[in-house]
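For reference, the structures are reproduced in the following blocks.
Next come two complexes built around chain A: one with chain B, the other with chain C.
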Partner chain A sequence: MKKFLPPLIPLVVITLAVESSVRSGFVPSYLVPAPSAVLRALINSRDELAAAMAKTSAAALLGFALSTLTGIAIAVLLSSSRAIQRAFYPYAVFFQTVPIIAIAPLLVIWFGYGMKTVIASAFIVSIFPVIANTLTGLLSTDPALRDLFRLYGASPAVTLVKLRFPAALPQILTGLRVASGLAVIGAIVGEFIGGQGLGSVVDVARTQQRVDKVFAAVLLASVLGLALFGLINLISAVTLRRWHASEQAS
Partner chain B sequence: MHRRSFLAACGAALTACSKAAKIRLALNWKPDPQFGGFYAAPYQKHGLDVEILPGGAGTPTVQMIGAGSAEFGIVSGDELVVARSRGNDVVALFAVFQNCPQGIMVHASRHLASIGDVLKEGTLALQRGLPYARILEKKYGFDRVKVVPSPGGDISAFLRDEKFAQQCFVMSEPLQARHAGVDVKVFPVADIGYNPYTTVLATSGAQLKSDPDRTLALTAAMVAAVRGGWRAYLNDPVPTNTKMHDLNPSMDAAAFAEVAEAQKPFIETAELGNMTTERWTTLIGQLAELGDIPRAMPAQECFRNL
Partner chain C sequence: MDLSIDSGEFLAVLGPSGCGKSTLLRMIARLSPPDGGRIVTEPEQFQTAFVFQDASLLPWRTVLDNAALPLELLGSGREARYAKARAALAQVGLAEAEERYPAQLSGGMRMRVSLARALVTEPRLLLMDEPFAALDEITRFNLEVQLRDLWQRRGMTVIFVTHSISEAAFLANRAVVLARRGGKIRLDRHIDLPSDRTNDLRSDPRLGHEMKLLMGAMEEE
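On to the complex of A and B.
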């Protein structure tokens, strides 16, 4: 209860404030929908929204999984030598700055309409924080411990698996937390152009001036983001509990 | 607050006739020939100081008018009716396109005879939320064709795939496709009986009501300026096209000239911009039947010929 109360208070206060300002006519309902109207849209369109949510979740999860695996692999590769890092790291930054909305139409041409385009969009948007944070983590291993491993004649592979990777976990998980939200955004942007899921619902509802339904879909997207975030926190708690300060205190 | 400033501006314009009122006109797309008359309009001659705000994909002009972030805006007829049904009091003043220039473009090599044939196979890119799309869906069903989002004015997917059909403006994308060497056939949306006024100049009805004398004079001046602008643009689009091309260099000069010529038949009418009760009544009936509006409304409330 103590844990849930603090975030609950702003939710209730803000919801009530918006509801009353729309009901009193202070804010017109075609600009901001009343929370009750959003709830009604959620209920009335539940089948359509549930199907859309399932598609968006699948695409965001797959895109996120892909950027996790690829991002970590790239970071391991980059950390293996200064030369490789200098040669390729600048290009990784490309992923951070690419305006996804501008290249999304091209994704449709490369991957066709539908799931593949959406996954690609989620992947492109979410990979950079994984690379950047993992790389920082891999390069910050305690020198004393590295020396110890060298002293015992550990191979680079063993050092990576037994020392550098576990030591980098806190940073990797930070990267994944950032990436999880971005993957949801990337999936929805991809869906605007690739045509399915919550992105498509938002697009159609916007054309029909259904602000209530737009907000209902956006709400579901944030639920998805929260769920992914929660998943990473869970992994973080399990893996870091025994040794890292961030998961121990409190 | 905006309401006060708007009225203050109107008042200032009319009490001191020489001083022009600052007025914002929100477009729902980038400067291009469909807005030619608005860029050609002699606002100053009518005592107006108009700032044109270019838009982009999904610029919510209807909401902007309602919220007062623009005194005038460009909307489509169906958008306006739906907005009114949701309590956004927006009123049409001048309909540039008397006939809806929206259509479905297909490869001529497919030899399709009607819009119904388009829905029998292949891919169709359109804005599913638009009323005409749902009329099509109701009439023919979307189960045999793959429906994908409209790529806007981008025709690259269309060029690559013979079985790809695309929502278009009759005077725009088909010309591009022909330039790219693809022979196309266009089925106007009006063929299925759906023909809303489009590129419609609209304003807030609440403003008109709150201070009828002042705002009406100002609105009439705006409409007169715009009508003059369209007359000038239809006669000679060259100077305005040059101006718009500077603002929107991504559209080339030749395309400006071509589109300006091609759109003429959709615009020209006895009294430019005027609308009829019958046309609005038909549209309202269609939208009510689709369920886009909960019930029909009096057509007279939707527009005003000034």
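On to the complex of A and C.
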């Protein structure tokens, strides 16, 4: 309870402040909806929002899973030789700087309207932090431990599985934490342009001047991002509990 | 440098920082190639173990799984490697701690796990690179006695790199002092002390005499 109380206080205070300033007419309700109106929109459009939430969740999760698998595989490949790393890492960095909103229309041309485009968008936005963090982790293995594995004739594959990968796990999980939030953003952006889900709900509600519904959808998108983040933290707590300082506080 | 080491010797290698003590050890372990010259071993192939400056344990593995790692990498079966790892842990006095993780151990205990890991393959040659440098003095004294005891019982060859004169004199049967540059040997001395070495020896004047000789060779530069 002590852990949850401090962040709860500002939430209650700000919600009440917004509610009263909208009700008193200080802030016009077509700009900022009263929190009670957002709640009403959540209840009234619950079927539509639930369906949108399910679609966005599925697309974000799939995009995130795809960038996790591909990102780790690419990092393993990059870490295997300095030459490969020099040749390809700049492109990974370049990939990260591509503004997703600018190439989203292109994705529609490639993948059509629908979930594929949304997944692709979530994937493209979230892969770079996975690559960068995994690579850092794989390249910072303790040299003494690498010597130890060499001394007993361990093959590169065995060294990867039994030493380099587990040693990189804390950094990999850091990458996944960042990527999880980005995957949700990528999915929403994809839905703006070519998909169904919370993103398209926001887009439609905006044209109808329904700020309450926009806020309701945004709120759900945040919940989705938080849930993914929580999932990674859970995995991190379970896998690192015994040995890593980051999970040994208290 | 021309150095020949007999089987069963306990050799301490002393020298100033940067003189190549650790490099020598790595070359003997065939972890680094020599710039020139040769390292000949007889027989050509045998089991070597290396103990590093830090305990260098895998933090995600239990003490038992850390001690069993070399056998796992060499491909021995689960039962056999756990039995040998338990025996090695018992030898360093850590039988009780096998389920614990490195983060739950003191520095001295971690180094003992590292020692058990090195002994688990029953190596003919044990290479040690300033293994006790980071430990507090009492822990170091006790580990030195324990190491000396293990060496006597197992009849392996130990090459022990250190920058501590007292450690070299206390542990070794033979001490070599390297020059700062060029890989020259300044002193190669048989340490004239009884073979049973306990902490009582630490205040013995004969140990002091050996230390004085080693220090003299180190200071000549």
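Going forward, the second predicted complex is superposed on the first by the 250 of 250 C-alpha atoms of A that agree within 3 Å, B and C clash if a C-alpha of one lies under 4 Å from a C-alpha of the other, contacts with A are read in each partner's own complex, and residues count from 1 in each chain.
As a convention for this text, a residue touches a chain if its C-beta (ideal position, glycine included) is under 8 Å from a C-beta of that chain, and two chains touch if they have at least 3 such contacts.
All values reported here derive from a predicted model rather than from experimental measurement.
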Next on the checklist: Just checking: does A:V158 make contact with chain B only, chain C only, both, or neither of them? Give me first, second, both or neither.
Outcome noted: second
Next on the checklist: I'd like to know which partner A:H244 touches here: chain B for first, chain C for second, both or neither.
Outcome noted: second
Next on the checklist: So in the superposed three-chain picture, is A:A205 touching just chain B, just chain C, both, or none of them (first/second/both/neither)?
Outcome noted: first
Checklist entry - After lining up the shared chain so the two structures overlap, which partner does A:I193 touch, if you call chain B first and chain C second: first, second, both or neither? => result first
Checklist entry - With the two structures laid over each other on chain A, which partner does A:G225 touch: chain B (first), chain C (second), both, or neither? => result neither
Next on the checklist: Quick check on the complex: what are the chain C residues that touch chain A?
Outcome noted: 26, 29, 31, 48-50, 52-54, 56, 58-60, 69-70, 72-74, 101-103, 121
Item to check | For the chain A and chain C complex, residues of the former touching the latter | outcome: 142, 144-145, 147-154, 158, 162-163, 166-167, 169, 242-245, 248
Item to check | Contacting residues of chain A [partner chain B, same complex] | outcome: 28-31, 105, 108-109, 113, 192-195, 200, 203-209
Checklist entry - Taking the complex as given, what residues does chain B use to touch chain A? => result 58, 62-63, 66-67, 79, 82-83, 86-88, 123, 127-130, 146-149, 151, 154, 156-157, 160, 292
